[in-house]
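I'd like to ask you about the structure that follows.
Which chain is which? They are A, B, C and D, in the order written, and residues in each are numbered from 1.
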């Protein structure tokens, strides 16, 4: 737990030392890291590879954005609606998709996410389809604080990140978290120890979906945009990539994965137009030389105390 | 009528794309995210070959049909040796590695070939009209309305898909290569013990899978255009088809391709196209929910 | 009579595609005793314990546990009632430490009491002789130690009924000896259903033996009775030589 | 490259001189600083679709931008200062687009940002522009600016929005092609704009839309949707975007064969595609909306000629170096004109640096008429400062012997509609 606090202290300190652009970048990184943590809970801990998590991110985002835009909700209830929407979607998806496992689970989640994406486009009258819509500055203040300023945004992102980060860290140390790991390691064995694997997986999916939904709602709140591109396959593959890069099944891995990927693209695109080439080569090299992701490999090779 | 004919064309294209993935996934059990990029490479190289050679479209097309799959197959086999072999085909690391490959192939294509969608001329493309019968004011009559037609090339694609399928089926079930592949698929450790060079088989399979994707692309590119981002959708659809059909089941793959190719065409008779697509996507997913092993897959014992 | 039988099956039948893997099996497990289930390969032993533990659904018939019909309960519910099960093919949590493996097994009952849980885990590891390997990753253990770990996971649950599916398969002679000692020490503590090929283990541990052949109960009785049973001898002599 | 050279010459000419003076203590410090600053380049952040689905547009937007900046610099820059373009790829993705704006404002210290085509990228970026208080000039043709959904920092002065384009087409379609229209459009916001605005406009002309065929995105073949075209259809109205456009138009041709209704399409369906590609023969005699005529017309203006020469496209709208490389001619003029408007705005606001950004916006808001000229080769424009949207002439061409021949020019008045927002009432 002290290590987790240390991570948060570093993030707090970064605000005072980083130049303006990177403060903005880290606001975004922390929001995406929430998404990655949500994903990690299901993939890294429970061992379920979903290819459709963008639907939960989108549910949070649209749950927040649509209630603000259509019904004039204020931030708190809209944000809550976003989380509930994501959790409810996860409940339904889990009820159906968890009948499958392995590749079938990947495909079912992929197709459900595709269905959600098409639904967003179909109701273009309200969602403005692929274009999406803006959540106006005036609608983005909470308890009198205008969340559109750089400082407010950073601290809002940090607080939400901290809550999710500590909650996830706590969760995976609780018996519940250990049982999820047991399912990842050997589901049949877990069941034959008397654990209700189906129920545990459903709970894991709901929590994972809800955390992803928090990320989506936070994105809408802090960056003022809600759009269908966040529900495409690409945004389902991103968290998988981040988690694998950082280290699946580690609490700090998702954050590291997001930072790594963000700055890999950010920095290489400053030098060349062919930055995707560099990113591609980096991914290949990384998986060759850091098989467990950055944190996972470091933990195994040198620093067993990494969270 | 036209909807089903078009559905057949779409299914044929799907089958061609999915077969390669079916083999790779079936034998090696790795998710190759870059599979769609081999498809794209096939289409792009088909454009390169036909434009470099010039001359009559048939000449260029036939040349592309032979050269391109081999070329793409070699690239893929090389990538397998260079990268996948070294990550021991670990499922997680393969995903990262193939995402990396996807970026590399896409960007390399963007830098050399460019962002445009470029057409390849079909070797033949006659428009075939179909008659329609109806009772009009003057009784029963035969008319030639607009729309009721298909091109000869599209029919050719359907037959080509069937031909490739039969050839593949023969190779897999009647030859030693097929036997080795099936043995590796069943149990790679045992196969190794019986003297099957599993490492080499994997490279061949990976190359063959990519080559098949490229072959499909060469056949498809006169209908669609070669574009550096064209690999994404075929990848997803092929993946879906393979899983819905049932892993390692060639007939299952064909049925799934028909199901997906036809379903939204038929549903769109009743609903608006996007709603039809929503329903079709959802229903196809439900097939898997209630039959997780796929249509013709065997339930795990 | 019913009180002493902690587990009973009536007419338990499993038909796979027309083949009767188990047919009308009536079986009783006597409380506090070690019952061995033996029979030649393909006799239907694994199918039977599969149905008892809930891993396999029966075609018909009932299973009752402590007087309660559990035929329709899923496997994990049966475990919660007090069964424990070790697999024929070793099944542990390969990526976790030995300690965590046992901890998870004990943790279903004791998760809310950290002290009791730690105590239980340490005690089981001690008993089974894995204390000095507690921090090792389970997949790095030798085969024999993995099998022992799995038995430890069974013990950690304090089961009413402990089902062991061919626990000594692949163990060395000395490891088998240790196993026999362990089984004997459990006598009276718990009820054990032992599926076993190794007749030495059976004769040294079992209080009671049921013989399955071609999916049906061929004979039941004390080791002596079974030893003298003509039908058993015929069946065994006809198929295997190690009896 | 050009910008760098200009920057260096400028520095040599002014900066080095004043620097030497300041160093020698001849000038007071503050004055030396002011001088150095005023000779520093004006930095314009250019959000480019370098990768992703919009890359074909991005490439030509880039070429046009370079040409426009070279011309501005050759003519003495803005307020005597050279212009430097800072390019960031937006990946045709709204999230990346917003990041690009953050870079312009906070990392590169750009004076203004200048934008991109795809609406979702614009809408995803606009909130950041408002928060970072950096003027954001977009070249997207979306109705997002004029609809009031964005903010005071976002303007579209260089290209007409889709609503205006669409409604100005209705009179011609109804009077010359037919009254019963079937629309085929992509089933997302851009397509819905076409559907909604055209349906209203054609009804106002006494016509009707007999069928609306929305094509789901992610579709790569289209023939199966065509049987839904009713037989009574007199005119097909089509608009499609993305890499599959050529397939779409080809299949449309294959579907109809020799007996077809009139066909009117937005050139978006064939932007960056040669009209003479095989399979497109059936387009002979069909009509296209063009933002700016791709093929040089018989009465080509001097402005058009100069613009083509500067950008490097020939009389068929393709690259001079590679005639097979067709440009996105109907849209990319917007980059050229927008940069000229930024220049005009900065000069009229006497723009010195980021502290004058609001003055710049007010100056652009004050613009009304922009006559056809070298700065505005596409034609006359009328800018509405309240809605931040420009309105220009629209062109309808007919395909004739493989050429797009101008058939009708819709006047600015044909495309005007009531204001939906007044951004000037919003605070900065």
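One rule holds in what follows: a contact is a pair of C-beta atoms (placed from the backbone, for glycine too) under 8 Å apart; a residue touches a chain by one contact, two chains touch by 3 or more.
Predicted model, so just to flag it, every value in this text is computed and none were measured.
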item: Required minimum of steps from chain C to chain D, each step between chains that touch; value: 2
Touch-connected components when chain A is not counted: B, D | C
item: Of B-D and A-C, whichever chain pair has more C-beta contact pairs; value: B-D
item: Distance between chain centroids, defined by C-alpha means - chain A, chain D (Å); value: 35
item: Length of the line joining the C-alpha centres of chain A and chain C, rounded to whole Å; value: 43
item: Inter-chain centre distance, chain A versus chain B - centres from mean C-alpha coordinates, in Å; value: 32
item: Shared-contact residues (touching 2 or more other chains) in chain B; value: 107, 110, 274, 277
item: Sequence positions of chain A contacting 2 or more other chains; value: 118, 121-122, 273, 275-276
item: Chains that touch, pairwise; value: A-B, A-C, A-D, B-D
item: Chain A - residues contacting chain C, complex; value: 175, 178-179, 181-182, 185-186, 188-197
item: Footprint of chain B on chain A - complex, ascending; value: 96-97, 99-101, 103-104, 106-108, 110-112, 114-115, 118-119, 121-122, 233, 237, 240-241, 244-245, 248, 273-277, 279-284, 286-288, 291
item: Residues of chain D that touch chain B when the two form their complex; value: 51-53, 55-56, 58-59, 187, 213-216, 218, 220-221, 223-227, 229, 231, 243-247, 250, 254-257, 259-260, 272-273, 277-279, 325-326
item: Footprint of chain D on chain B - complex, ascending; value: 2-3, 6-7, 9-10, 13, 107, 110, 114-117, 119, 121-122, 125, 127, 129, 144-147, 149, 151, 223-225, 227-230, 233, 265, 268, 272-274, 277
item: Chain A-touching residues of chain C, taken from the complex the two chains share; value: 53, 55, 75-77, 79-80, 84-85, 87, 91-96, 100, 103-105, 107-108, 111-112, 153, 157
